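Chain lettering (A, B, C and D) follows the sequence in which the chains are written, and residue indices restart at 1 in each chain.
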Amino acid sequence: MPETALGARGVTKSFPGVRALDDVTLACAPGRVHALLGENGAGKSTLVRILTGDESPDAGTVVVADRETRLGAPREALGLGIVPVYQELTVLPEMSVLDNVLLGQERSRRGLLDRGAQRELARAALARVSLEDLPLGTRTGELSLANQQLVEIARAIARRSSVLILDEPSAVLSGDKLQALHDVVRAIAAEGTAVVYITHLLEEVPALADDLTVLRDGKVVSSGPATDYTTDRIVREMVGRQVDQVFPDPAPPAGEVVLRVSDLVPVGSSAPPAHLEVRAGEIVGLAGLVGAGRSRFLRTLAGARGRSQGGVDVGGRRVRGSLTGAIAAGVALVPEERKRDGLVLDLTAAQNITLTDLRQVSSAGLVRTARENAAFDEERERLGIKASGPGQPTRQLSGGNQQKIAIAKWLRVSPRVLLLDEPTRGVDIGAKSEIYRIVRELAASGMAIVIASSELAEVIGLAHRVLVFRDGAVVGEVHRDPDSAERIMHLALGTAS
Amino acid sequence: STEQEGSSSSSGSSAAEDCINADEAQAEYTASWTSVKEAFGLTDFEPVDETVCQVDGEQWKAEPKQGDSYRIAFAAQGPTNSWGVLSDEALKYHAKELGVDVLYAAANGDATTQVDNIQQLTSQDPDAMVVVPMGDGISGQVKAAVDQDIPVVLCSGLLPDSSGAVSTVTRQYDLLGSAYAEWIAEKLGGKGKVAILSGLAGVPTAEYQKAAAEKTFAKYPDIKIVTTQYTQWSPTVAKTVAQNLIASYPDLDAIWSDSGYGALGVVQAYQEAGKAVPPITGDSINEFIQATEGTDVQYALSTFPPEMSSTCLDTALDLLKGEPVLDKVYVDSPSFTDADGAQYARDDCDGGLLVPSSAPEDLLVDLKMCKAS
Amino acid sequence: MTSVAAPRGSRAPRLAAFSGLVRRGGAVWVIVLALVLALTFARGTGFWNSGNIAAVLAGAAVLGLVALGQHVVVLGGGIDLSVGSMVTLTSLLTAVLVDGYPIRTVPVIVAMVVLGAAMGLLNGSLVSVARLPPFIVTLGMLYLVSGVALTVSATPAGRVTAALTDFSRATLGPVPAPFLVLVAAVAAVWLLLARTPWGRHLYAVGGDQHAARAAGVRVRPVLLGAYVTSGVLAGLAGVLLAARSAIGSPTAGSGLELSAITAVVIGGTSLLGGRGSLLGTVGGVALLALITNAITLLQLPSTWTDLVRGLIIIAAVAVFVVRRPR
Amino acid sequence: MTTATTGSASVLTRLSTVLAPLAGLVLVLVLAAVTTPQMYTPDVVRIVLFQVGIIGIAALGQTLVLLTGGIDLSISGAMAMTSVVLAVTTGGSDGRLVAGVLLSLAAGLAVGLLNGGLVVLRGVPPFVATFASLVLVQGVVIAWTGGAPSGRIPAGLSWLGQGRVLGQVPVPVVVFALLALAALVVLERTTAGRRVYATGFNPDAARLSGVRPGLVVVGCYVASSLLGVVAGMVNASYIGYVDAALVRSLNLDSIAAAVIGGVALTGGRGRVGNTLLGTVMLAVLLTWLIQLGAGAGARLVVSGAVIVLAVFMQGRPVRIPRITAREKDTT
């Protein structure tokens, strides 16, 4: 058995503008789980793409089974038993679960698919991620996001792998699905496979990792057996400074009720109607497992999805059930998915910021560049956005700064109600705490804020009170107090007594 | 065998063997040439030799297959232009007069569509079929129809003998093509620069006339064809082309055009450029004559009359009645030059109408091609 | 939470069922059926007589083959505007090269299929290797190939052998031989799509190229395969067309590409790639063939032809498009 | 190897989209100079300018639609329809010219709304939607005119197609210049233009930012059809008659021009400058081929090759995206 199942020697990779990886050396031993940690933009995924031949290094080499190897395409890596699950979902929604699990590894006899063998293989793989009762013919697009992710993992498991690379597999998993993932990872490692595991949820590390490596700005800053590391140390290594994750109590909301939601049911939801009142200056958190319905609830409030019943009032006035209606009424949604829904990445930073209210920066329909830049500078000030200038394509910004832009564009319309969906997903710890600061300030300035997040600490820390969702319904409300975390988990899982 | 199939029969000689040569038919054929010859005042203009025969009428004599009136299938061009409209409607109109039913199918100018049309019409088992051929591509399907004992009359167009059509009623492409060319040659005294404006590349009607013209011009060593362009039978395209001609060949002596629409564009281009319009040819659309009225444009026009379709119907019916019919009926139609062109202009009629039209007046009115007088 | 979650944008079940029908390509058959019923009522005997059925089927053969190729390309996320011109060139060449010599028949047929494959290969390489947008590549090819056809001969030319013409008219019961070719082709393509790894890969590449690549799928060969298939089928269609017309024409196939794409789309296949059903495309072909047949059968005023065709197409596409999920 | 989205790369890309057509144009001009010197006489230049006008006006509309990620095959239908509407409603007399023009615009509006409606409300792929409406428009015209549209275009309009500014410059190119300028301002400087680009790049994000992508798209299709109507008027007044031959034609010049110029079919990418370049190049090319007296076949071959080459040179291949290019789909 080789010493290093997969490794990198002095790997360097630059993209125009960024040095994503800088002389990275890494060694993953067979049968061990190697956690790869680092802030957003630290270079984790880039490293993964290089280790799997999806991208080639500018300098340095990839080591496979102790041998230096060049990889031209993911296919070649797969051929060597290096099996990745990329950060981004790569299942094909239009194809059946069966076809997705076996994509690229179809079993065929005499040129024709061997359907019997196919089914067996798929069944086995799905069983290992606790999806044994999933009909093989289902269109994958019909599955919940979590299940899609598990199908993707099943695809990887179905391959005979000497190395399994998982890039943030847990980002969209929770509860027993996350548990299932951990189990299968341990099992696979036990079979002698080297596992590279990337995550932002540090509590996973002690549970899973044997070794870990921390990347910062494309450099390896620390590496060693997981047992040598406490969460605090990891965080310190990641950000290079100590961040206090303790949330001061928020100022009690003084203002009158701004947002009133009365027996609201989103289109396509069979859940009982939801009620909600948010005062000016109040922050309400939404907690729940993935697919519990938080995003759908927020999208409905923002008029991005239809309501099949119920109403939304802002400042006592009924809000029309359309995006423009909601915006006019002062309701702003910072959507869950920044790159797809939150921003037009090909427009410049300034253009994104002003897109929500072009009238401000235009006169007689003509956009005034001066005013536009002014608007940009204003927000750069307010949110501490790091960008080379108003003209920089948003695509080039780091995750955190993109998120700040996605928030800034809504501050332009000075909304009365601000809806934040997963505002810190894929945002590094440094940027996170800044976003927390911003949220608090906005609340203090009299905004009513609703924030959905999968990070329990975050919701509890920021919000005055937390609504818990399960299967599309509000199943309880929890106020700030020491043991709120447990109560929320119980409600979310449906194990509340 | 390495033999080429039917290479012998395709020459048409086999047809000649059992040819009951009808003299008056031959005469009629030559007449169609001489009339043009006179109209254009040509000195030497001999018909390309052609053996016209009489079809044994008895062979096709038949009672109506359904009911007591004949059902004639009509594989038409379709109303893709005013020629097509009149061709279609003239036949239908005549059919109404004679009280025969018409099974109509339009190819909209496309040979491939017409193949389908003919097969479908054949399947309706008509007594006879009139086909306005959209291209040699249909001959296979025509043969199929004939093989099912449906007498097929080709109308305003030719197909190779292999199509087995019983009779062909048309005006000759060669006739028009070479007549225009001869006229130009004599205007230029057999010496000068000529441009050829053909219609649509790849479309038989255009290509055959062009070929005939080139053959004729070839007889005159001093006539140079400086360029050959396509007008798509569109005055707009023709005008642009002509503007280019003016620029690149300022000293052009004559323009051979196969269509009045083409000629129309050319005339406009020259007039706008303030230059004298060189002698030009084309078919006699009303628009062109009106446009050139009172100008000194020299032209020679003839027609490929759409209303000949009614003759096609007559021929088909004669076959069914067992009356003598010629295998090639060459329709004659007026030809004229600028000398007496003006008289044919019809201000009460549509610009696209081919004048003079022998189509019934009330039909033209029905089709809103002419105002009721 | 382990159970399967509600469908995306979980619409009203009835609609969902409908979109399911469209997905599986059944929807267009509803119209086809309706049209057939209408025709049966209006012209029962006229429509059902074996000759007319044969006419419909024979008319469908060429379009069918081309649409089949188009279907494969579209599944792969591409589009092939050059099919019409490829049919033109191959049919013209068939006639010109055979030119009535029986011994040439077979070699020429083979040659045409190969030629089709070659043109497909060119399309495919420009798309998958040079990575140019399919629309433009094939638009260019459309001009190029029809240009070549015109240079081969500007007038109808050549002559096929009796063997070919006879074949084009031979029938098995009411079913014309050319249609049997189509049936065979459909079967073959179905096998390729549904039963081979290549088929799976094609869906994957059409649905999401980089996801397919990440799963270890070789994108280029898959795309090349798609365009070659389209080319081969166009070549076959060309031969059939030549056999049917007995003579080659330099404009024979013009416009076919648009009909083919229309057939594919009203069959419920997504022009975005990755989703589509053969059944639907075949239905689309059937519908177009029926429209032409119906217009003549019902003796509609010829000036209405395009109006009717336009209305039906619009109705069909407007109803049978599965909207991409948000 | 890298995604063409980071700073310098995108600058290069933008440059290349302008350089490629420029290079092509220069090439054709040189070829012309060698093979057909008369290309540079005022007369021929004027012809080219006219062509630029007639192709360009439609190409502008096409560009708007392409920017939204659509395509408009029905433009040539709108053009043909216009000439017929003009002729029929005016009966060739200047008296009712205004009515004729208004009616044509109304008809154009209808076509645009049909296209936009199919694409936006029903999610029909633009290619098919606009093809279907092309067939429909042609069908309506043919049914309405009994198959043989014909008639005179009022002389009062002839300046539009035949007139010259300062005795030399053809009016159509002037009209085009003005419209292009307008399009330039709208796209680059106005809020409307900003919305078009935002929609073209990312309709979902645009929508969630309060932009109404539906309206934008419909607007672009309407604009396209209306520009088609204008092009139709120019065309009709150029010859002065209804040209039946054009009614059934499907004219792809406008698409070719935009694409050769470097407007992407994928939406969002492309500027008026690209369209201008592409139009000029196409106009020069077409005129040059006529001047050459090239056969119909050769002409098609050249056009085809040019289209492919032009796009090839733009160096903006539809790359197989890197995994980073997409985020995880979480809704």
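We adopt the following convention: a residue touches a chain if its C-beta (ideal position, glycine included) is under 8 Å from a C-beta of that chain, and two chains touch if they have at least 3 such contacts.
These are the chains along with the protein names UniProt gives them: A = Sugar ABC transporter ATP-binding protein; C = ABC transporter permease; D = Autoinducer 2 import system permease protein LsrD.
This is a predicted model, so every value here is computed, not measured.
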B-C against B-D, pair bridged by the larger set of C-beta contacts: B-C
Between chain B and chain D, centroid-to-centroid distance (C-alpha), Å: 37
Distance from the mean Cα position of chain D to that of chain A, given in whole angstrom: 42
Whole-Å separation of chain centres (CA-atom averages), chain C against chain D: 29
Shared-contact residues (touching 2 or more other chains) in chain A: 54, 86, 90
Sequence positions of chain B contacting 2 or more other chains: 78-79, 108, 201-202
Sites on chain C at which at least two other chains make contact: 149-150, 154, 210, 213-214, 302-303, 305-306
All pairs of touching chains, each written as two labels joined by a dash: A-C, A-D, B-C, B-D, C-D
Interface residues, chain D side, partner chain B - complex: 36, 38, 41, 43-44, 47, 50-51, 142, 146-148, 150-152, 162, 235, 238-241, 243-246, 248-249, 287, 290-291, 293, 295-297
Chain C residues touching chain B - in the complex, by the definition given at the top: 46, 49-52, 54-56, 58-59, 62, 99-103, 149-150, 154-156, 159, 161-162, 165, 168-169, 241, 243-255, 292-293, 296-297, 299, 302-303, 305-306
Interfacial residue positions of chain D with respect to chain C in the complex: 71, 114, 118, 122-125, 127-129, 131-133, 135-140, 142-143, 146-147, 204, 250, 252, 255-256, 259, 264-266, 295-308, 311-312, 317-323, 325-326, 331
Interface residues, chain A side, partner chain C - complex: 54, 73-75, 78, 84, 86, 90-95, 99, 102-106, 108, 111-113, 130-131, 133-135, 138, 141-144, 146-147, 155, 175-177, 268, 289, 291
Contact set on chain B toward chain C in their complex: 1-7, 10, 76, 78-79, 88, 103-106, 108, 110-113, 115-117, 119-125, 135-141, 143-144, 160, 162, 201-204, 207-208, 211
